[in-house]
Amino acid sequence: MHRIAVIGASGYTGVELLRLLARHPEAELVAVTSRQYAGQSVAEVFPSLRGVFDLIFEDVDPAALAGRVDLVFTAVPHQAAMSMVPDLLAAGCRVVDLSADFRISDAEVYAEWYQEHTAKNLLDEAVYGLPELFREQIPAARLVANPGCYPTSVALALAPLLQKSLIDPATIIIDSKSGTSGAGRAAKVDTLYCEVNEGFKAYGLPRHRHLPEIEQTLSRVAGSDVVVSFSPHLVPATRGILSTCYASLATPLNQEELLSLYQEKYAEEPFVRVLPTGVLPNISQVRGSNYCDIGLVFDPRTNRVIVVSAIDNLVKGAAGQALQNMNLMLGLPEETGLLQSPLFP
Amino acid sequence: MHRIAVIGASGYTGVELLRLLARHPEAELVAVTSRQYAGQSVAEVFPSLRGVFDLIFEDVDPAALAGRVDLVFTAVPHQAAMSMVPDLLAAGCRVVDLSADFRISDAEVYAEWYQEHTAKNLLDEAVYGLPELFREQIPAARLVANPGCYPTSVALALAPLLQKSLIDPATIIIDSKSGTSGAGRAAKVDTLYCEVNEGFKAYGLPRHRHLPEIEQTLSRVAGSDVVVSFSPHLVPATRGILSTCYASLATPLNQEELLSLYQEKYAEEPFVRVLPTGVLPNISQVRGSNYCDIGLVFDPRTNRVIVVSAIDNLVKGAAGQALQNMNLMLGLPEETGLLQSPLFP
Amino acid sequence: MHRIAVIGASGYTGVELLRLLARHPEAELVAVTSRQYAGQSVAEVFPSLRGVFDLIFEDVDPAALAGRVDLVFTAVPHQAAMSMVPDLLAAGCRVVDLSADFRISDAEVYAEWYQEHTAKNLLDEAVYGLPELFREQIPAARLVANPGCYPTSVALALAPLLQKSLIDPATIIIDSKSGTSGAGRAAKVDTLYCEVNEGFKAYGLPRHRHLPEIEQTLSRVAGSDVVVSFSPHLVPATRGILSTCYASLATPLNQEELLSLYQEKYAEEPFVRVLPTGVLPNISQVRGSNYCDIGLVFDPRTNRVIVVSAIDNLVKGAAGQALQNMNLMLGLPEETGLLQSPLFP
Amino acid sequence: MHRIAVIGASGYTGVELLRLLARHPEAELVAVTSRQYAGQSVAEVFPSLRGVFDLIFEDVDPAALAGRVDLVFTAVPHQAAMSMVPDLLAAGCRVVDLSADFRISDAEVYAEWYQEHTAKNLLDEAVYGLPELFREQIPAARLVANPGCYPTSVALALAPLLQKSLIDPATIIIDSKSGTSGAGRAAKVDTLYCEVNEGFKAYGLPRHRHLPEIEQTLSRVAGSDVVVSFSPHLVPATRGILSTCYASLATPLNQEELLSLYQEKYAEEPFVRVLPTGVLPNISQVRGSNYCDIGLVFDPRTNRVIVVSAIDNLVKGAAGQALQNMNLMLGLPEETGLLQSPLFP
């Protein structure tokens, strides 16, 4: 059994990590930490997990994990993550960081969109943990930067086209829609039930913080600089991201050829489901699962291809992908503990 | 008092017409018809209106309205509308038709997207009732085609740019999101609560039936043929349409200039609210009202302008706009009976 | 025009007062106050009201309202209300207080459920503003205590039976369900979207703070002490309270006799709708309106009568009833500005 | 591997059975049937299960299952079930029936609430499959009647009190609230998204069809005839039942004694979680799991005990309990395949 800790387990990503770890056959959760809830039991903070874990939340102390833990998930906000990760590595723990702090490899870009980076020396070492596109370096990594939810949904949707230079990158427009759990569990007026319910809005235009990560990933895949429009929206639902991605074809291709491209690209991937022509994804069909569903439509009227992807932002967009990375790091089959079917309805 | 009838009053657009007519000071509802509910009282079919109307649903019979009614709202599906409207006009009623049947002025285009048109002779006479853009002909019209919900949200969002040729029409992409009431009140598995709740999907890609109406309207406004990408999505909310519209600027303009353009264009319009820079619309802020809220963002990184509009699909997108047209046809102040504030939360 | 101020206009009850006042033909809103939002415009804080009011939020200062305002709505939390109301009365304003501070006439009971009362001298003067049951004293009142949302729904449901001693008061059980707006607009984890959505729970058992108000009102109506079980629940919806009230009949009565009793009791009431046998209320049918819908069922198997009432907690349960009281205090027809039909769907 | 079939797999209970069977280590799903979807793949009908099952829906034919299948779940409406079950038993299949047809042991009672029973000879043989209360007969049963969702939530809530005669059965009032998936997947106006969303209502008063099953079970547990009031309500959520049960104590007991009673009763039960004093259940904390959470409150003011239970109606209220029964019938550990943690948020 591999010994696992979750730091910052009191948010939605944290509780989702706990849910998934509860059924993982090769991982034992040995510590959970939370500044806010230190001293309380998991069952008090998360009644859904009563009877599942008997753990008590500890205060956050990387040194205290040395020798007790093999791998740590850091599910804390950016800035907090980069202040802890060096100590966790020093304590001998491998780390999957779910914050944004180690996703952007260029410290200047990070500084432009967030703040000054305080652990720059780790940026080169950190591996971007999107297995379907960058699987090779993950098994040996000490530090994996778990991708953002929006970037995951977008990269899986556009990679097959960009890798083969089939679209004009300058025409890419990404219109994404996220459930409310992506906004976290902090008490804010903006995410109160009555503010979100029966509402729908765009936010963060035109410079949402996931934009540099999206452009970095698409650029790597394309092999050249990609600049995109990215517009996130808030959906009155708890879980799910749907990204509708538009681009003009650079090469003539029809619907069947496009579909074949995606089917081949993802044929061996256990967590990507390419939908047949005429079927488009729905966040309700991936809820609670690690799947990314992808549907595509070619519109000959406009010569645009429209790729729609759906993930559960807390699973493939966060905790599930983190476990996928953990499995790779620990030499386990990648899908271990991750094959729950979606919860529908 | 003007005497009004609603034909097909049993759907969501129908009940919304009744709600608005109930408080209209110059209109008296004298007849409501419904095949399905003939013989039942309004209160039985719509408990929300108990004590508001004492009317009994009649079976549908245009001839029976002759002499009793000055203006009729036809809130029936397309095809049904074009089979009734000639008889209603013959019976001396003026008509505001809320179906798609008289919105498309070219019978061949209509046939391509719907079916053969059976009242072609009325297509020239029918006036497209989007007052903010085409107000002039409405007062004298015998037959007004009330615009679709998506087309209303899109046309108000893009008209100021297209009228002045400030954007490249070939770059227009429209990503729209609609609440579920737009799908109507017919019993279908797809719109059951458990299918829609906690879901989000695109549908009708790439050829939703509102596309020809959108392109017709944008082309009129632009003075040249406009072809667009239009992707509707289903929001797990009852009311509201949010359209996120993308286009590349054809002329250099900054955020302030763009905002001024919109503020000037809509300065005298009682139902269009142009939001200040930094504020974007939310369907929750127009619910139950006839407002169209518009926010805009210029992104210098991509040279794209993003215009976001929000309406209540049942009000400005259907019944409210229909009353706005009725007011114009009857010579009443355009905002009569339409100034309810949005219901928030 | 009567000059009106709303103190504490930044919560959900506050914005609902503004919405209703916007369309009131005899009331002019001349001041809105909010500690939190002082200096901001109404449109900034409540985008739904953009273009409806041009007012700027003032800081709270009762003295500053003297001479400018005839009647004040205090929509602040309990304790804050009793610290302001004496000054407002001293400034010559009449007051409709929407907090709990003047609803409980016995200062000791108030102290037991809330805290020590600091304006005890006003408790005798304060009039309990539930017009359907206690209309007489309202017109002349200087200070009206606007009833709580749960107590309103319960009192209207049970009064006809208690007034005629037709039920055994010791058997009353009240199972109430409230939409989330009743929990207010303060930022709390418990009322975040993701906590409430897809959830349902009981809370505050067995001693919710509305219990003494409920028992006080039922006791007054019954003419003797009434002790009840009251269990509130949280509904994943924004607006609405549904109370399911159980009691054993003390006198043999059948369904028709019970229905007649209610129909007679409320025959002249513009805001109470007694539903026919076989029809039960739904909060969706009163949303946004000042109606209280009541349905009742006699169960001969158990000799129990079950009365179900539905209101919009922000309208008949708060702001609408406050305007109803204002109308009475100002000598206006009671339904002035309050006849909007419910917003369905 | 045990060979399993699901008959009527096209409803919400059916798809939930498939979801749970997908991860069951000892059960192999070999056939799914559906009149409506015969010939279509599971992935076409339920996109959530794409990649999980490759099965094609067969038409319903009990004889065709002989020899292929060890155990059948019948997830069809009442009346349909009793017409198939005899043939399935004749074909050598053991049956867990999820309809109401074999739950009521008295054919006359069944006829009063449903219709004439056409397989009366099986009523004695059928075992009521609520393991926590009636575990003994299940392992050897050929035919298990899987309990209804409401009866499950009520029986687990009240059994500890009734078994020890601690409450007066004549005072029992059950106020239940169910998510919308309980209404099934048939296309009906009443369960459309826009009808349910933002609504809350009671229905089926005072004689909902689950009443005789509730009374039968409570009577068995109590050892004497129990007659109750039972009021179901519809919650605008997909999954979950919360039952609030009221009764007067027949014996003086305080909160601690009551809690101990429940803790002892359910100490060995893997699927019942008795919550500590001060904590009440929420359907959001059991979603997707087979747990029944129970909280209780003693109110000394009224001498009433209030027991609140929460289950997922599709799991512990249907498919999960059906698998629990299957496990018992097949000699497997009762919790096999059923230990998923709840999906929160």
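Labels for the chains are A, B, C and D, by order of writing; each one numbers its residues from 1.
To be clear about the criterion, a residue touches a chain if its C-beta (ideal position, glycine included) is under 8 Å from a C-beta of that chain, and two chains touch if they have at least 3 such contacts.
Since the structure is predicted, the reported quantities are computational estimates derived from the model, not experimental observations.
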Between the pairs B-D and C-D, the one where more C-beta pairs touch: C-D
Geometric centre distance via CA averages, subunit D-subunit B, whole Å: 45
Distance from the mean Cα position of subunit D to that of subunit C, given in whole angstrom: 39
Two or more partner chains touched - positions in subunit B: 12, 181, 194-195, 197-198, 236-239, 281-282, 284-285, 287, 345
Touch-based graph of the chains, sorted into line, ring, star, complete or other: complete
Residues of subunit A that touch subunit C when the two form their complex: 12, 180-181, 185-189, 191-198, 236-238
Complex interface listing, subunit B residues touching subunit A: 173, 175, 177, 179, 194-195, 197-203, 205-206, 227-229, 231, 233, 235-240, 242, 244, 246, 280-285, 287, 295, 297-299, 301-302, 304, 306, 308, 310, 345
Residue numbers on subunit C that touch subunit B, as the complex places them: 12, 15, 18-19, 22-23, 46-52, 181, 198, 238-239, 273, 275, 279, 281-282, 284-289, 291, 293, 314, 339-345
